[in-house]
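Same chain, two partners: chain A is paired with chain B first, then with chain C.
Let's turn to the complex of A and B:
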C-alpha cells in the first residue's frame, strides 16, 4: 500500500481536531437546515399566491440569493454588516445567517414547485367530497407535496453540509481548514499526508451525509 | 390512519409557528445585505472609526491578531491545536508586552485586507508582504522579515544567473506566484513550465522536466535543504520586499506602539531568536541574516 501519511492523524490531538472540525461544519449546516425548512415551506406557500406584490418580492429574494455565489454572501454578511452598521457578528453566526437565507430561498422554490405539481383535479375531487379548503390542504395536498419534496430537500441538505467548506474564508475553522492545517504543519515531515488527510475528510463528509440519505429513503418507502 | 394525519397536522402547525416567529428577523437580513452595498459610503458616521485604539485594546484585555493557520513555518497550528511559527512567536511577544490575552484569527491570503478594513482584527501578522497597493488600504508597521525570489537547480548544473539559461532550457514555476509574474515581465525570453501546485512543481524538478525552479526564496531554500543534490544558485532575484505587521488605516496609536516595540526588540536581537526558534529547522542558519530584519531596518544586502 502506498504511503498515505495516515500516521499524521495519530499525532497529538490531530484526529480530535478533525472531528471538532466536522462538528463545526455540522453545527452550522444543521442549525441552518432547521431554520430553513419551516421558513422555506412558508415561503413556498407564499410564492404560489396570485398577489402580484408577494410574487415580485419573493421572486427578487429568490433571484438575489440564487445569483450570488455563497462566498459573496458570506463576505457581505460577515464584513459588510461591520462596514455599514458596525455590527461585529462572529464568523459562525454569519455563516448560519447566510446558509439559512440560502436554504430558505431554495427550499421555498422546491415547495412552490411541489405544490404546483399537484394536479388541479386533486383539489376538485376534495371539494366534491365536501372537504373545506383547510382540510384539502391538510389531508390531500400537503401529504403529497411532502412525498415529492423529500428527495429534493435531501439534495439541498447534503449540499448545505458540503458548502460549509466555504466558511473558512471568514475565519471559521471547520473540517477542511483543520485538514489543511494538519497537512501544512507536516509538510516537511510527511509530504504525502495530503492524500491520507483528504481521503479521511472525504470519508467524514460521506459519513455525515449518508445517514440523511438513508432516513430519506426510509421515509420515501414508508409514505409510498 | 387518523392519528398519522393529526401528527402531521401538529408538525406542520409547529413549523408554521416557528417560521412566523423567525420570519421577523430573517426578512430583515436580506434587506440589510442589499443595503450594505448601497449605503456603505453614506450612513457610516457612527462607524467611521472601525479600529480599536491602543488604550481600548488594553482596557478590553484581549487583542485580535490575524495569522495564517496553514503556512508552516510562519503561521500554523501544531498537532495540539496551538498556533506556532515565526509570525506567532512575534505575536506572543506583543501580547506579553501589552499585557493582554491574544485571540488568534485564522486568515487567508485573500481576506487579510478586509479583516483590517472592518476592524475585525487589530493586527495582521500573516506573512504580509508590503506593497504600494496594500499600503493604500492598511497601515504597515516596520518590517521584520525580507522576502525575494529565488532559483534552485540540480547540483549537476547550478544556475547562478538567468543569463546562463540556454535556448532549450525551461524554468519551472507555480502558476499565480510572484515568480511567474516577475519572469514574464522581466525575462520574457525564458521558457516557463507552469504547474498548479507545489507538489507538481516539486515532482517536475525531481524528474528533470526543467533545468531550474523559480519561487519565493524561502520556498526554494527550504526545498534545497530538504532535498540533497539541489542548490539555490540565485538566492535573491528581483526586488527585495519586506514583510511587516499591518493595522487598520489610521490606527496610529497601535501603529506607533508596534513600531516602538520592533525598535526596542532590536536591542535584544529578538527576531534572530525568533528565527532560531521557528525557522532554523526549515532554512538552516545560513539564511538567517538575509531573511531576518532586526529593529525595523532592512539590511543593506
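Let's turn to the complex of A and C:
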C-alpha cells in the first residue's frame, strides 16, 4: 500500500488549515445566500407585475445572468470591472457580488414560478370572502407559496456551495487552494499526497451539500 | 476597446471555442448514455445496481465539477490511472451530467401513470410495444424541459476545464489578460463566444419545449 497522503493531513496544522479553507468557501456562500434570498423575493414579486417596462428589464437581467457561466461572471467582475472603473476589490468581495447577483436571479425566478403557480381562483375566492388584497396575500398566497418555495431555495443553497469552488480561479484561498498548498509543501515527503488530499476535499464538499439536499428532498415529499 | 486587438485575438478564441464545444458535446453525449442506463436501472428496479446508482447520483449531484476534475486529473494518477486532460474533462462532465440526465429521464418515466401501462397491456400490446408507443412518447414530453436545461448547464460547466490545463475559452481569456493586459477586449470576446455557443441552444430549447407541450395530454 503506497503512501496516499492521508497521514499528511494529520501532520501539524494541515487539517485545521483545510477546514479553514472550507470555512472561507462556506462563508462566501452563506453571505451570498443571505443577500440573495430577500432580493430574490423582491425580484420575483416585481417579475409578476404586468408593467411592460419592469417585465422587460427583469427578463433581460435574468437571461444575462443565467446564460453566462458563473466563472465568466466572476472574471467579468474581478478582472473586467476593476479594469474599467479603476477600483480594487478582493477576490472574496468579487465572488460575493457575483454569487449575490446570480442567486438573486435564480431566487427571483423560483419566486415568480411559485407565485404564478397559485391558481387564479384562490385570489378570486379570497376576494369573494371579503378579504382585502393585503389579507389575501398574507393569509392565502404567502403560505401556499412558501411551501413550494422552501425546498427549492434549500436546493439553491447547495448549488451556491458547489459554485463557490470556482472562486479558486480568481485567487481566493479556499479549501481547494489550501489543498494545493499542502500538497506542494509535502511534495518531497509524500509525493502521492494528491490522491488523499483531493479525496478529502471531495468528501468535505459532499458532507457540506448532502445533508442540505436530503432536507430539501424530505420537505418536498412531505409538502407535496 | 480596440478593434485591431479583437481581430488578432479572434482566431485564438475561435480555436478555444471549438475545443469547448467539442469536449462539451462529447461529455454531454456520454452523460446521456450514463443517464439512460441509470434511469433504466431505476425504472425496472434492478436489484443491486439500483443501490449503486442511487449512491452514484447522490455523490455526483452533491459535489462540484471542479473538485471532481481535480480528483480525476491530479488524484487518480497516484493510483496509476493516468489520463490526458481532454479525456479527463469529458469523463468529469459525463460523471457530473450522468446523474442530472438520469433525474430528467426518470421524472419523465415516473410521470406516466400506471394505468397507461395497464391499459396498453389489456389492449394486447407486448411489453416492447407498450414502452415504444405508450410510455416513451408521454415520458419524453415531460423529460425534454429538464433535459434542455441540463444541456445548457453542462455546456456552462465546461468553463472549469481550464483547471486541468485544457486550452478552453476561460484559459485563453485568462492567458491573454495575463500576457497583454487587454482585459476589456479579452473579456468581450469571452462573453461573445459563450453567447454564440449558448444562445442557439437556449432558443432551440424553448422552441422544442413549446412544440412538445402538445404531446402531454391531461398533464
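Convention: the second predicted complex is superposed on the first by the 200 of 224 C-alpha atoms of A that agree within 3 Å, B and C clash if a C-alpha of one lies under 4 Å from a C-alpha of the other, contacts with A are read in each partner's own complex, and residues count from 1 in each chain.
Following the convention adopted for this analysis, a contact is a pair of C-beta atoms (placed from the backbone, for glycine too) under 8 Å apart; a residue touches a chain by one contact, two chains touch by 3 or more.
All figures in this text were calculated on a predicted structure; none of them were measured in a lab.
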| Where does A:140 make contact in the superposed view: on chain B (first), on chain C (second), on both, or on neither? | neither
| task | Would you sort A:35 into first (chain B), second (chain C), both or neither based on which partner it touches? | result | first
| message | Applying the document's definition of touch, where does A:115 land relative to chain B and chain C: first, second, both, or neither? | response | neither
| request: Give one of first, second, both or neither to describe whether A:171 is in contact with chain B, with chain C, with both, or with none. | output: first
| task | Name the contact category of A:163: first (chain B only), second (chain C only), both, or neither. | result | second
| said: Quick check for you: in the superposed arrangement, does A:84 touch first (chain B), second (chain C), both or neither? | reply: both
| query | So, A:210: does it touch chain B (first), chain C (second), both, or neither? | reply | second
| field | More chain A residues in contact [chain B versus chain C] | value | B
| Which superposed partner A:24 touches (first chain B, second chain C, both, neither) | neither
| message | Just checking: does A:14 make contact with chain B only, chain C only, both, or neither of them? Give me first, second, both or neither. | response | first
| field | On chain A, positions contacted by chain B and by chain C | value | 75-76, 79-80, 83-84, 168-169, 183, 191, 194
| note | chain A contacts chain C in the complex at 2, 4-5, 67-72, 75-76, 79-80, 83-84, 158, 162-163, 165-166, 168-169, 176, 183, 191-192, 194-195, 197-199, 201-202, 205-206, 209-210, 213
| note | Given the complex, residues on chain B that touch chain A span 5, 8-9, 12, 15-16, 18-20, 22-23, 26, 29-30, 32-37, 39-40, 43-44, 46-47, 50, 69-72, 76-81, 84, 105-108, 110-111, 114-115, 117-120, 199, 222, 226, 281-282
| note | In the complex, the residues of chain A that touch chain B are 11-14, 17, 35, 37-39, 41-42, 61, 64-65, 73, 75-77, 79-86, 88, 97, 100-101, 104, 138-139, 142-143, 168-171, 173, 177, 180-185, 187-188, 191, 194
| query | Which bits of chain C are touching chain A when the two form their complex? | reply | 58-59, 61-64, 66-68, 70-71, 74-79, 152, 156-160, 162-163, 170, 173-174, 177, 183-184, 187, 190-191, 194-195, 198-199, 202
